[in-house]
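Below, chain A partners chain B and then partners chain C, in two separate complexes.
Up next is the complex of A and B:
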């Protein structure tokens, strides 16, 4: 593991170099105008569009690996016969720059389910084609709780390179072979590392800022969730919840999907997979009319239980990176921090 | 070929089981796939009509009968409507086989009792034929099958065949009021008939499939007859999309029904949260 330095100007040049090599660069950039102006991860047209000092983008980088809608194959019918057109599983080389640690960590967690016995080539193809240059966070806001789920504003999990803002620009930790490849390919942009201490101070200050928001004992939380399916706590939990699924679409780790056919006329069409969420009533509705999760409380319980008990049990990791988007953007005011805090207290694991 | 791309199937035969239930006999269009394809009793697949979408059904035919698969379905929605619109010779999609299976080898040398209600006979039928094709490996075979009315009984020609076999004890029943003048079977709900048939629990496995309410009331009867929780097998029918443990839809507590199921013992079911 080596370290480097990158000035702001060199970072801009680096992005231009990568774009010039016909790769896709995805980075936080401004979208919308006036009061709707905000930051999103977007493919860049030019390096100057990159905005790295405005905090967490509204949506996560999930859609770079798992688009909201994607074609899985196309079909054409001729009389009684159907011909299938396959979809390529190789994708354009992509470098994500400025992914915050909570976003950079997410794809690695979802890898587990996407490769559970059956390997999802559409997901893996994009994963393999993507290099993630993460940027240490300044500690975010009151909705952040990355430290509670074992990550942190300086976490390098899932990142190939980690940039930490310093006076001279960025301190760069080179973390993986993919990261090394990027550094050696564009070596003229990177300088000798000389601000490791300054970077460490920045990271420590950030951790201090976010640490107070929430903390819990994950194994105790899991044990409580596994043993309290029928607990009274769930009975009124989702009175504020609209069941709109904003939390799931914003979530960097939510990965449920639907498979539907979309037709082009009568004799041709495509099968797509679209994002879906356990927060909608039809998610589990049987053809018979029976619905195992018949009210919003049951659906919300599923979301919390899946993230903090079921996924850790099956795949060894919490299905949450503490980005706080579900709380920040919920139109009904559902507060996952408050709920996790409640459960931690009931589980006896609150710190 | 990615995970979500189906095999192309040809509709070889259409059999109407009841007014709203139909069986399609399908064969693989690619002879290489047909040759390689194998499955075990209890596994399921994603059947699709191009332009309408995918639907999850068990493979209703027996794994011992090669070269084709069958699927039985009831008309309830968009895909099943499109499946009813298909003619012999038309093309369908099929992904599978997915999920676990009934542990038939473990049941060798034992007696079997099959209990099914309504279209729940489809997954059970697969095991029944599998067992009957290997008849000398099992002791007594008892089939208890019920439906709401005589018209709702599926696989009528096979019920006829089973009723004539000396090595199969078949109990057919319809709900009170569902009988016709010439009905010769039992009248009463499935749990009552199970109590009447009273299969011996010793060295016996029960395979039960049907509406939740039937299972709910049959379980205590089996327990009274001495069946242990590990002697009873059933299947869960959660809604599914991908069938391969990705899409999250069939998740129920610690299990994904599509990967960890659909076949469970009564003990495994009892340990699950009430989320199915």
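Up next is the complex of A and C:
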């Protein structure tokens, strides 16, 4: 692993260089009007649209690998025959710039399920075409809990390069062959590393800021969840939950989808997959009318159990990066930090 | 706050209700509270961070709340319109809910903020508020605080009205293309109480569920038309939207059209009929050829 330095001006030039080479650059940029203006990860038209100083984008990076809707294949009917048009599974080379560590780590966690019993070509195609340049975080706000799930504001998990803000611009850790390729291709933009100590101090201060928000013993939490499906605790867990699924929409690791067929005219159509979430009643509604997750309490239990017991049991990783969006943006005020804290106390693993 | 807490305690103690839905200080700002025991009543608060429309929790669609039993609910004047709407549209019976009205000095859009009202953070609806003292209330608590500051910024509805149809079309295309079809707008809406929403019907599929421009327009226009003369303007859909789509603008416009054509403004009196459920011989009908 090597290190470099990148000035602010060189970062802007780097983005322009990459765009000029017909690659896609995705970075936080401004979207929306008036008081609703906010930042989202968006493909850039020009380097100047990149906004790196406004913290965490409203939604996570997941939609760059798993869009809210995508065509899986198209069909055409000809008398009794159906012709299937495959969808390309190779994608334009993309560089994500400024992904915060809680976003950069997420695709690697979701890789497990996307390569489990079936190798998801669309997900993997986008993953392979993408280089992630992560940005070390300043420690976020009171809703952040990355350190509780084994990550941190300086975590390089999932990143090909990690930028850490320093006086001269950014200290750059080159972490993977993809990262090295990017640095060598645009080597004129990168200088010799000289701010490693300064970067380390920034990272330590950030970690200190977020560490106090939440901590728990993950194996103990998993054991409690596995043994307490019928616990009284769940019965009133989600009174204030509207079942709107904003937590899942925002979440960098929630990955459930629905498959639908849509006609385009009479004899042609497309099959799509669309985001879906276990927080809605429809998600588990049977054709008979029976719903095994009959109310919002049961649905919220599912969300917590899947992330902190089922997924770790199956794939060895917690399905959460501690970005805090589910708490920050919940219109009903559901608070995953509080709930995890409660469970940690019941599980005897609170620090 | 003492009066609110005392009242809630009394309602629970004498078993008038089995739950009081109000606001409390959570670990990360103000949030809805469900008080079921008299000794928890001192958790209740009210301040400018209490933006949530708690009438939403009265909707019979929320099965996990129906089982809690008879409810009292804390409402601001604007939220009281949603209680009236639910009664008017026979979703709840007026006598099945105890309405605790709070006198309001305006709210911010941010329950996690510091609660200081400014021209910048005051909720847009507070600018046109004429119900700072709720009328539909069994109990009224608190002193009337000073009026909120007037929100800053241009009148976007007027701006959109001044556009050519092509410009307006382009504006909404751009805003609605961001819709991810999560339907959070519907889920948090106090007036979206259908047991089965038209957007969830698949045989036939009236509205495609995919987040592409055609389906997004079809969904949002359907919702807006179903809201005509019914939307209480609480802004919960805007607050919940994970794409920050300015749904409030189009709902405000539709409300203005309903007022112009039918002389009806969404009322906090459940006995006032809404245009969508009434027929009058003098309804304007010049648009019928």
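Please note the rule applied: the second predicted complex is superposed on the first by the 351 of 351 C-alpha atoms of A that agree within 3 Å, B and C clash if a C-alpha of one lies under 4 Å from a C-alpha of the other, contacts with A are read in each partner's own complex, and residues count from 1 in each chain.
Assume a residue touches a chain if its C-beta (ideal position, glycine included) is under 8 Å from a C-beta of that chain, and two chains touch if they have at least 3 such contacts.
Worth saying up front: this structure is predicted, and the values here are computed from it rather than measured.
*Asks:* On chain A, do chain B and chain C fit together or clash when superposed?
*Replies:* After superposition on chain A, chain B vs chain C: fit, no clash.
*Asks:* For A:81, select first, second, both or neither according to whether it touches chain B, chain C, the two together, or no partner.
*Replies:* A:81: touches chain B, not chain C.
*Asks:* Once the structures are superposed on A, label A:167 by its partner contacts, choosing first (chain B), second (chain C), both or neither.
*Replies:* After superposition on chain A, A:167 lies in contact with neither partner.
*Asks:* First (chain B), second (chain C), both or neither: which does A:328 touch?
*Replies:* So A:328 only meets chain C here.
*Asks:* Does the superposition put A:72 against chain B (first), chain C (second), both, or neither?
*Replies:* In the superposition, A:72 contacts chain B only.
*Asks:* Calculate the angle at chain A, using C-alpha centres, between the directions toward chain B and chain C; round to the nearest 10 degrees.
*Replies:* About 90 degrees between chain B and chain C, seen from chain A.
*Asks:* Pick one for A:258: touches chain B only (first), chain C only (second), both, or neither.
*Replies:* In the superposition, A:258 touches chain B and chain C alike.
*Asks:* What is the minimum C-alpha distance, in Å, between chain B and chain C after the two complexes are superposed on chain A?
*Replies:* Distance of closest C-alpha approach: 5 Å.
*Asks:* Common interface residues of chain A with chain B and chain C?
*Replies:* Touching chain B and chain C on chain A: residues 258, 260.
*Asks:* Tell me, which parts of chain C touch chain A in their complex?
*Replies:* The touching residues are 26-34, 52, 56-57, 62-65, 68, 109, 111-112, 120, 124, 153-154, 156, 175, 178, 180-184, 187-188, 200, 205, 208-212, 236, 238-240, 242-246.
*Asks:* Inside the complex, what are the residues of chain A that reach chain C?
*Replies:* 31-38, 58-59, 63, 68-69, 142-143, 236, 238-240, 242-246, 248-250, 258, 260, 262, 272, 274-275, 277, 280, 282, 294-297, 327-329, 331-333, 335, 337-338
*Asks:* Over in the complex, which chain A residues touch chain B? Could you list them?
*Replies:* The contact residues of chain A facing chain B are 72-73, 75, 77, 80-82, 84, 86-87, 89, 113-114, 116-122, 226, 229-230, 255-261, 263, 266, 269, 271, 273, 276, 278, 283-288, 290, 292-293, 298, 302, 305-306, 310, 313-314.
*Asks:* Tell me, which parts of chain B touch chain A in their complex?
*Replies:* Listed in rising order, the residues of chain B that touch chain A are 1-6, 8, 48, 50-54, 74, 76-77, 80, 87, 89-91, 93, 211-212, 237-239, 241-242, 244-249, 251-254, 256, 259, 273-276.
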